[in-house]
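To start, I am sharing the structure in question, which I have written as C-alpha cells.
By written order: A, B and C. Residues from 1 in each chain.
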Amino acid sequence: MQNKIACHLEEIATYAGATLVGDKNKMIHGLNTLANATVDDISFLSNNVYESLLATTHAGCVILLPEDQKLFAGNKLTTNNPYYTFAKVSELFTILSPASGEVHASVVFGSSCQIASDVDIGANVVIGANVTIGHGATIYAGCYIGDSTVIGDNVILYPNVCIYGNTLVGDNTVIHSHVVVGSDGFGFAPTGDGRGSWQKVHQLGGVKIGSNVEIGAGTTIDRGALDCTIIADGVKLDNQIQIAHNVRIGENTAIAACTAIAGSTSIGKRCTIAGSVGIVGHITIVDDVHITAMTMVSKSINKVGSYSSGTPLNETVKWRKNAARFNRLDSIVRNL
Amino acid sequence: MQNKIACHLEEIATYAGATLVGDKNKMIHGLNTLANATVDDISFLSNNVYESLLATTHAGCVILLPEDQKLFAGNKLTTNNPYYTFAKVSELFTILSPASGEVHASVVFGSSCQIASDVDIGANVVIGANVTIGHGATIYAGCYIGDSTVIGDNVILYPNVCIYGNTLVGDNTVIHSHVVVGSDGFGFAPTGDGRGSWQKVHQLGGVKIGSNVEIGAGTTIDRGALDCTIIADGVKLDNQIQIAHNVRIGENTAIAACTAIAGSTSIGKRCTIAGSVGIVGHITIVDDVHITAMTMVSKSINKVGSYSSGTPLNETVKWRKNAARFNRLDSIVRNL
Amino acid sequence: MQNKIACHLEEIATYAGATLVGDKNKMIHGLNTLANATVDDISFLSNNVYESLLATTHAGCVILLPEDQKLFAGNKLTTNNPYYTFAKVSELFTILSPASGEVHASVVFGSSCQIASDVDIGANVVIGANVTIGHGATIYAGCYIGDSTVIGDNVILYPNVCIYGNTLVGDNTVIHSHVVVGSDGFGFAPTGDGRGSWQKVHQLGGVKIGSNVEIGAGTTIDRGALDCTIIADGVKLDNQIQIAHNVRIGENTAIAACTAIAGSTSIGKRCTIAGSVGIVGHITIVDDVHITAMTMVSKSINKVGSYSSGTPLNETVKWRKNAARFNRLDSIVRNL
C-alpha cells in the first residue's frame, strides 16, 4: 500500500545531506524498518536497542551514525542524526495527489479574492469574499474558507477543512481533514434572570496560525473573543485537539492527540505535551516543559521540567479498594 | 482583525438598557479589555481585580456598576451587571457573513420540503425529503440535513454541519462547523457466537434540540435508541463534546469542551460542567451542580454542589513515587 | 419521531429465529421498552430487574427466555438471548434513506474507478483515481474518497466522511459522519537546529478496515507510517475515538467514545474499552481485556481481566484536601 518511487542512493544522499558509503547507483524503492526492509528499501538505526538487527536486515541501505558504520556491511548513509535523515528521505517517497490539478469548475468564490495563478483547488470548495490564497497552495474538495481569510504559500488543506473568516494561515502549513479554525470561543455571560440563562459574548477576534504548522484531523481552534488566538511557527498539533479562544502556543511546541487547552492560556516554545492532557484556562506554561499523557494542568508551570498527574493502572478490584482509601486520605492522615 | 462597526454611545446605551453618563454622540468602533482598549473602544469592569486599570485605560467608554462610576472620569455606562451588558453590546459589533444571500443554485432539495422564503443557504448544501426550515435561518456551505428534520427560525448552521434525519432544532439555535447531530448511538448486543461478535441495535429514536442552544465545533450528539436524545432550551455546549443516545440535558446547563456523556444519563438545569469531564451512563445529576475539569462522574449526583476527582499536577519524578504508593494504599492503611 | 413499519409477528419470529407463542397475525409497528411500549410495539425482558413490568406493560409482544414465558400473558417470542433477538428485530424497523437513489449528477470521479452498477451516491461526493466501490454501497452527500481506496460491498458512508487514499474498507462496514480515515500519523523528527524545529516523517502506510466494522461520528484513524493501521473484522468504534498510526485492533473489540490510542499499540480480540480511556503507544493489550472509563493505560496488559485507574468522585472541598495529601503520599508513608 506504499507509494513506490525509485531514487538512486546518490540522489538520496545529496538530498538528505548525508555521506554515502557504498553503491551510488543502487536504486531504492521505499522506506522500512530494519526488521521489515527488503533489498529495495532504505532503513535506519537511531536506537542501539535495534543494533543487533543490522546483522540480519535485508535493507538495501541503512542510515546510521558514522561511528556505527562498521556494524553494517551493506550500503549506508552516515549522518549525525539518523532519524532526522530518515525523515528527510521520507520526503522523496511521498506523493501528494492533486486536489484537481487546477481550479475545479465547481469552486465558488466570493468577491475580491486574490488567488495565486498556480493554486490547485478541488471540487466543491467554497471561498468567501476578500480571501487571499498564496502560490502553490493545495485546497482539497469540500473545504470552506470564510471572508477575509489569508492562506499562505504552499499551504495544504485536506478535504472538508473549515476555516472561518478573519484567519491567517502561514506558509507551508498543513491542515488535515475536518479541522475547524475560527469557530466561536465559548463565551457567555449570565443574564441574571433567575433561570440561569446566558447572553452570548460575540467573538470578535480572529486566529493567527504561523508558518510550517501542522494540524491533525478533527482539531478545533476557536477565534479570539477580542484579540486573536495564536499558533506560532512550527507548532505541531495532532488529531482532535481543542484550542479555546485567546490561547497562545509558542514556536515548535508539539501536542499529541485529544489534548484540550482552555481559554486565554499561554504555552511556551518547544514544549512537548502528550495525549489527552487537560489544561485549564488563564494560566501560563513556560518554554521547554514536558507534560505526560492524561495530566490535568490546573495551575501555571513556571519551571522547565516534566509534569504529571493521575493514578496508575491496576486491576479493577484492587483499584477500587485503593480509590476508596483515597477518598478518606485526609482523615486517615489526620488520625495517624 | 476585528469587525469594525460604528455606534453612538446613546444607541449602545439604549440597546443594552444601561445608563449613559457622558457624551451621547461619542462614536464607538469596537470592544476591548481595559488594558488594550483605544479611545474608539468600549470596555468594562466586572471584577475588582482590574479596578486600578481605570486610572490608565484609554477606553472611550467603560461599562461599570453605578457605585463604581466615580472611579472613572470618562464616558461610562452604568448597569447592575457589567459583564452581561458588555456581552449584550457585543451583539452590535458582530457581523454574520451571508451564506450566499439567497438559496444558492447548487443546493439540492429532496421532495416535499417547506423552506421559508427568507432563508440564506450556501453552496453545496444537501437537504433531504420533508425537511422544514424556518424564517431567517442561515445554512452555510456544505451542510447536510436529513429527511424529516425540522430547523427552527433564525437557526445558524455553520459550514459542513451534518444533521441526520428526524431531528428537531429549535429557534435561534446556533450550531458550529463539523457538528454531527443524530448519528447512531453505540448499541450492540452480543450474538453469543463464542467469537465475541455483535448484533447492531438499530437506533430508531431522534434528537430534540431546544431553542437558544449553542453547539460548538466538532461536537457529536447521537440519536436515541428508541426515544429521543434531548437538549433543552438555552443549553450551551462547547467544542468536541460527546452526547450519547438518550441523554437528557436540562435548561441553561453549560458544558465545556471535550466532555463526554454516556448513554441514558440525565443532567439537570443550570449545571456548569467543565472541560474533559467523563460522565458514565444511566445516572442522574440534579439541577445546579458544578463539576470541575477532568472529573470522572461514575455515580448519580443527588445534591447541589461542586464535585471533583483526579490528582493534582506534580513534577513527574515526584508524581511517580506518590502514584506507586497509591497503588498500595489499601494495604498501607490496613497495616497501620 | 420513530420510523414506523408494520410486520406480522410470524414474520418477526421467522426473521429473528425465535419461537412465537401467541397470535401470528398480530401487527407490530415499532419497538419500545416495557415501560413505554404501546399495544402496537414489541418489547423485551433481558434483565430480571424489570420483571415486575411484565404485569403492567402494554406491549403487543414481549421477547423473553423460555423459562420466563409464564410471567407474561400476552403474545411472546421465546429465545435464549432476548437482547440479541430484540437487536435482530430492530433491523426490521429501520429505514436507510437513499443517498440519492443513483449516482448523483454532481459526483466527481477521478480516472480508472471501478464502481459497482448498483451503488447509491449522494450529491457532491468527490472520488479520486483508481477507486473501487463494491455492490450495494451507499455513499452519502459530501463524502471524499482518495486515490486507490477500495470500498467493499454494502458499505455505508454517512455524509461528509473523509477517506484518504490507499485505504481498504471491508464489506458491510458502516462509517458515520465526519469520520476521517487515513490522515497522517503524528510523526516528526527533531532537526537538531537548537530552536526545537521538526522534520515531518512522511506517512507512507495505509489503513485496512475489516468487514462488519462500525465507526462512530467524528472518529479519526491515522494511516501507518510505513505499514498499515489495522482495524480487524467486527470491531465497533464509538464517536470521537482517536486511533494513531500503526495501531492494530483485534476482531470484535468494542471501544466507547472519546478513547485515544497512541501509535503502534496493539489491542487484542474481544476487548471492551469504556469511554475517555487513554492508551499510550508501543504497548500490547491481550485478548478479552476490559478497561473502565477514563483509565490511563501506561503499560502493556498481559493478563485477561478488568483494569482501571483514577480517583473517585467527591465534593470539591473534600477532594481538594485528599488531593493535597496525595501529592505528599510518598513522604507520608516514609515517615510512618
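Here is the rule we go by: a contact is a pair of C-beta atoms (placed from the backbone, for glycine too) under 8 Å apart; a residue touches a chain by one contact, two chains touch by 3 or more.
Please read all numbers here as calculations on a predicted model, not as lab measurements.
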Chain contact graph, described as a line, ring, star, complete graph or other shape: complete
Cα superposition of chain A on its sequence copy chain B - rotation in ° rounded to nearest 5: 120
Copies chain C and chain A - interface residue numbers shared by over half, same or different: different
Whole-Å gap between the CA centroids of chain A and chain C: 26
In chain B, residues with contacts to at least two other chains: 106, 124, 142, 160, 178, 218, 240, 258, 276, 310-312, 314, 324, 326, 329, 336
Chain C residues within the chain A interface of the complex: 106, 108, 124, 126, 128-129, 142, 144, 146-147, 160, 162, 164-166, 168, 178, 180, 183-184, 186-192, 195-206, 208, 218, 220, 222, 226-228, 240, 242, 244, 258, 260, 262, 276, 278, 280, 290, 292, 295-299, 301, 305-312, 314, 318, 321-322, 324-326, 329, 332, 336
Residues of chain B touching chain A in the complex: 1-3, 30-33, 36, 80-81, 83-84, 86-88, 90-91, 93-94, 97, 104, 106, 122-124, 140-142, 158-160, 174, 176-178, 212, 214, 216-218, 234, 236, 238-240, 251-254, 256-258, 269-270, 275-276, 293-294, 310-317, 319-320, 323-324, 326-330, 333, 336
